[in-house]
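Here chain A shows up in two complexes: once beside chain B, once beside chain C.
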Partner chain A sequence: MMTDGPSQAYESDAVSSRRPLPGILVAGTVIVGVFVLLALLAPFIAPFDAVEQDIPNKLAAPSAEHWLGTDEVGRDVFSRLIWATRVDLPIGFLAALFPMILGTFLGALAAYFGGWVDFVVTRIAEVVQAFPIYVFLIALIFALGPGVKSILITFTVVSWVLYARLIRGEILRIRTREYVQAAEALGYSHARILTRHLLPNAGRQTLVYFASDIVLALITLAALSYFGLGVQPPTPEWGAMVAAGQRFLRTQWWLSVTPGLVIAALGTGLSLISDGLDEWLKDA
Partner chain B sequence: MTALLEIEKLTVQFGSATLTDRILRRRARVLRAVDDLSLTLEQGEALAVVGESGCGKSTLARAIVGLVPIASGRVHFDGMDIAGGRDRSTRRRIQMVFQDPGSSLNPSLTVRNTLAEVLKVHSMVPADRIGERCAELMDLVELPPAILDARPQRLSGGQKQRIGIARALAAEPDLLIADEAVAALDVSVQASVLNLLRQLRHRLGLTLLFISHDLAVVRNLCDRVAVMYLGTVVEESNTEEVFGNPRHPYTRALLSAVPRIGVKKTSGEAALAGEPPSPLALPLGCRFHPRCPIAAEVCRIEEPLLESRQQHAARCHFAWESTEPITIGEQP
Partner chain C sequence: MARYGFIAKRVAGIVPLLLGVIFAVFALQHVTPGDPARLILGARASEEAVEELRSELRFDDPVVTQFVRYAGNVFQGDLGRSLRASKPVTSIIADRLPVTLWLLGAGVVLSLLISIPLGTLAAMRQAGWADHAIRGVSLLGLTLPPFWVGIMLLLFLALPTGWFPITGFGDTFSEHLRSITLPALTLAISLAPIQIRSLRSAMIEVVESDAVTTARSLGIKGWRLVSRHVIPNAVLPMITLLAVEVGYMLFGAVVVEATFSLPGLGSEMITAVAGRDFAVVQGITLVFAVMVVAIHLLADIALAFIDPRVEMA
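After this line comes the complex of A and B, so read on.
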C-alpha cells in the first residue's frame, strides 16, 4: 500500500536510532585509545625516566626491574617505548592533519570555483606528485634541517595532494545535486555552501583516508628517524629506537623488535578505524 | 493584474568557442537550450510550461532562479532587471521546488536545520521564533512536526518533496517555480502533492510557474499553459483554450498522447514520430517541421512567428488557417 504525507504512520524509532558501530571501528578505537592513555599517563606508568643513562647497566636482558631490558647507554626500554608515545602519536596525527586541512581547502576551492583556480591547483598537484615521494621528503628535510618542525612542514607540502584530489573529485560529483542548487537559489554565501552543504557530504573518503594516512605518516617518520633525519636523540622515538637497536640484533634483538611491534600495533588500530569508518559512513 | 515576471527574447546557451575552436577557426558547438523565448507571468497566476524532456523547460526554470547565466534577453521581476544578476533579497523572492526528492535535501542536515537555515540567513523571523516557525511550515505542508528532527534518508519520496516545498516557502517567495516537482513520485503521492500545491497557491497568493512534461498533471492546477518545443514557446493560452482548441500541431500531438478513458486510440493519432532534432543543429524554417504531420513547403523555408489571436498565441504558419477547431487523427 502506498501512503504518503499526513496519513503516513511515522516510525519514530527510525529517527532516533543511529546504525550500530561496526565491530572493527570499536576495536580500532580501543587500540588507539590505549595509546592515547599511555601518552597522557606516561609519567605515572613509565617506571624509569626516558633519557637518564645508567652506563654500567647497559644492554641488560629483560628482568623483573627492566621488563624489556636496557639499551646501549643503560636506559630502560619499556619506559622509553611509553615516553615515545608522547612523541610519535602527536607527530603522526599532525603530519596527517595539516596536509588534510591544506589539501581539503585547496581541493574544495578548485572544485567549487573551477576555471583558473582549478587549473593552478591541479597543475601544482601534478608537479608535486611527479616527484618520487621519499626522495622529495628526504631532500626537503635535508634542506630544512632535521627536527619536528621540518617534518611537519615537509609532510604538509608533500601529502596535501591526495587530499586535494579526493575532495575535488567528491565536490565535483556532489555540486550538481539539487540541494546544492537549492542553496544557491536561496542566495547562501559561497562559504556557507562550501562548509555546510558540500564539505560535510564530500568528506567521507577524506576521513577514511585520514585515519590510514596517520599510519603512513608514522611509518615514514620512523623511516626518517632511522636515517637520522627525524626526531633527534636523546628524545625517545620508535623509529630511532629500531635504528639504534639494529647493531645488537643478534644478541639483544628486543631492542629493535619491540618498538617495531609497537608501531605495528598502533598501525593496526588506525587501519581498523579507517576501515570501520568506511563501513559506518557508507550510506549515511 | 500586473506582471510579476516578464521575459523577453531570452536565450540561454551552453558551451562557447574553445581555444581549439578558435585556432581551427571552426564554429563553436553551442547548445541553445532556451532560444528567443518570451513569457509573461501575472501576479498570482499559475502558468504551466510543458514539453518533452530536452526542450529546455528546466533550463528556463534555472535561468529564472539564477542558476545558469543568461546569454541574452530581458528578464524583469517585479520591475527589476535580473538578467545580469541579482542581490540576495531578490534571490529570496524566487524559489524553486526541485525534481528529485532523493537529492534535493542535504543528507547531513535534519529537516529542522534545513528550514532554520533559510530563516536565519534571510532573517525571516526573530531568532527566538525559529522553532515555532519551523513547526508552522511543517503544518503548512501537512507533515507531522516529529519529522523536524529526522534526516532525509529516513523519509519517503513524498515527505521529502513536501519538505522541499517547505524549504522554498520558508523564504516567503513571491514566485514559486516547480520543476517537474511531481514527476519522480508515485501516482497516488503525485495527486496529494499537486493538491497541496494548489491549496498553498490560493492560501499564500503565490505566483506559480509549474514545469512538467505531463499535460494531465497541469490541467487542474494552472490558469495558463505555454507549450515549449526545442527551446522556445510554440503555443500559449489559457488552460481551457490549449486543451480544447489547440492550434499548434505539436500541442495536438502532445494532447493525443495523454491517455483518456473511454476514447479509443485511432491509427492517425500517432502523430509524434521520432525524437526531436538536436538543439545543436536546429532545422531551418519551422523547428517542428521534420516531425509535423501538416508541414508544407513554407515550413521548410520560413520560421513562423508567435502569432496571437484573442489571448491565444501559436507559432505555426497554419495555426489560424481555419477558425474551426482543428482535430487531428479523427478520421472516419
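After this line comes the complex of A and C, so read on.
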C-alpha cells in the first residue's frame, strides 16, 4: 500500500531473463555496485584511517590532502565516508533481509496451511501493524540497548509484516493454479510445493519491495545513529556524521552536507533497482 | 443499516487491539535486560530504594497480574512518573502534545499542497516530460534522510535569511507559526514522494475508467474534467494512504523535532531514551500507538461514509 500498489499481475510462465533490462535497473545496479566496491576496497581507496584522531588539525577546510576537510577531532572526512560504506551498506541490507526471511516464512505458512495457523499469523500481524512501527522501533531499541544487534532484532520484529502480507496474498492467488494442483496431485511434500512451486512465483513482488525496503532501512539506521541510538562512535556511520557536523553548520557546513549526499546517492541506486525490477518483472 | 453495523464492528475490533498495544508497551520492561526496578529508578538510586520499589510495584507477582495492574492504571490515566522531571508522565505528555499536533497538522497540509498538484500533473501528462521530472524528483525525495533535509533547510533558508528560528517553538501564535514552518516543510518533503506516487497511479486508474471516458465523450475537458471527475475519485485512495502513512509520519515527527529541537513528544522521547527515563518512553510510545489506532479507525469510518463500495463484511 505504500507503493504504487500491486495492481499488475506478476506471474507468468515466460522466462523474464530473455527480455531487455530496463535502463533504470542497469543504472541502479551500477550505482549500488560502486558502493559495494567502495566497501570491499575501502582499505585501498581511503587515504586515511577511519578512527585515528589528529586533534591539532581539527575542523580543517577541504584541501589537497583532506578532500573534504577534517572533523571535530581531526579525522579525514572523505576517508570516513568511504569506511562508513562498510557499516551502512551491510547493516541496511541485513535489516531488510531478516524481516524478509521471517515475513516470507510466516506468510507462506499462513497462506499454505490456512486454518488456525493463518488466524494466528494474521492477528499478530494486525497488532504489529497497528503500532506506529517506527516509534515502537525507538522504544524497543531503548529496551534492548543501543547498537547494531538491537537494530537488527528490532527491524526483524517490526517489519516482517508487509512481507508476510505480500507473500500470503500472492500464494492465495496462485495456489489454485493448475501447476500447483498438479504438484499436489502428484503427492509432493508441503515443503517441496512451497519452496519449488509457490515461493518462486509469489516472490517477485517481494523482491521489488525488498529493494525499496533497504532504502528505508538505510535511512532509518542513519536516523537512529543521528539520535545516538544506532552505530556507536567512533565507528564511522553516515547519520552519526551528520549529527556530529550539525554543531558546525555555520562554519564547516560540509561536515553535515556530504554524508547526506552519500546516503541519497546509495538510496537512489537502490530505488532505481526497485523501480527497474518492478518494470522488468511486471509484464514478464 | 449495514454501514452502522460495520462501524460498530470496527469500533469493537479495536478493544483487543488496544489491549495488545498496551501489552506490548508493558512487555518493553520485560525484554529489557536487568532489574526493572533498577531500570525505573536509574543507576544512582540506592539498593534500598530499588528494593522498596520492587515490592511496591510487585514485580515478583505473576506476569498476568502485573499486566492487569498496568492496564488498569493506563485506563485510569496513570502512566507512571518521570524519573528526571519527577512529575507524572501524563503532565509531560499534556505539555508536549500540542507541539507535535501542530507539526503533524502543518506537515500533512504542506505535503498535500505539494503532492496533489504534482501528482495530478504527472497523471494528466502521463509519460510526458513533466511526468518523468516529477517521478524523478519524488524518487530522489524518497532517499533523502529527513533529518538531513531539515539541516539543509536550516543551512540554506534559516541561516542566510534569519526569518526562521533555528530551535524552539516560541510563545505567541505568530512565533509558533514561524517556528513550525521549516520543521513542517521537512516533514512534508519526506511524506510527499509516497503521496505523489500513489496519487499518480490512482489518478491514472481513474482517468482510464469508464466514468471519465464518459465525461470526456460528453465534451468535458481541461480543469473541469480534472476537478469534477478525476480528483474526487482519487480522494479515497488518498485517505487510505494518509492513514497507512501515519506510523511513518510519527517517526518522521520524532526525527524532525529532534533536528529542530522542537519541544514536542518526539524530542522528549529521544531525551528520555538518552536519560533512561523508562516511564516516559513507555507513555509516549503508548500515546503514539493510540494515535495510530484512532486514525486507522477514523479513516475506515470516513471511507464507509464516502464510499458505498467499502466492504461491510
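The working rule: the second predicted complex is superposed on the first by the 267 of 284 C-alpha atoms of A that agree within 3 Å, B and C clash if a C-alpha of one lies under 4 Å from a C-alpha of the other, contacts with A are read in each partner's own complex, and residues count from 1 in each chain.
Please note the rule applied: a contact is a pair of C-beta atoms (placed from the backbone, for glycine too) under 8 Å apart; a residue touches a chain by one contact, two chains touch by 3 or more.
Source: prediction; values computed, not measured.
By the touch criterion defined above, A:Gly187 lies against chain B but remains apart from chain C after alignment on the C-alpha atoms of chain A. In the superposition on chain A, A:Ala139 contacts chain C only, with no contact to chain B. Legend: residue contacts after superposition of the two complexes on their common chain; A:Tyr179 is shown touching chain B, with no touch to chain C. For chain A, the partner with contacts to more residues, out of chain B and chain C, is C.
In the superposition on chain A, A:Ser256 contacts chain C only, with no contact to chain B. Touch criterion not met for A:Ala164: it reaches neither chain B nor chain C. When the two complexes are overlaid on their common chain A, residue A:Ala223 makes contact with chain C while staying clear of chain B.
Note: residues 2-5 of chain A belong to the chain B contact set and to the chain C contact set alike, using the contact criterion stated above. By the touch criterion given at the top, residues 1-5, 7, 126-127, 130-145, 212, 215, 219-220, 222-223, 226-229, 239, 242-243, 246, 249-250, 253, 256-257, 259-260, 263-264, 266-268, 270-272, 275 of chain A touch chain C in their complex.
The touching residues of chain B, counted against chain A in their complex, run 62, 65-67, 88-89, 91-92, 94-96, 98-100, 103-109, 117-118, 121-122, 142-144, 146-147, 149-151, 153-154, 156-159, 162, 164, 167-168, 171, 186, 188-189, 192-193, 196.
Contacts from chain A toward chain B in the complex involve residues 2-6, 8, 10-12, 14-15, 177-179, 181-188, 192, 196-197, 200-201, 283-284. Per the touch definition, chain C reaches chain A in the complex via residues 17, 20-21, 24-25, 28-29, 31-33, 139-140, 142-148, 151-152, 154-155, 159, 194, 197-198, 200-201, 205, 240-241, 244-248, 250-251, 254-255, 258, 269-270, 273-274, 276, 281-282, 284-285, 288-289, 291-293, 296.
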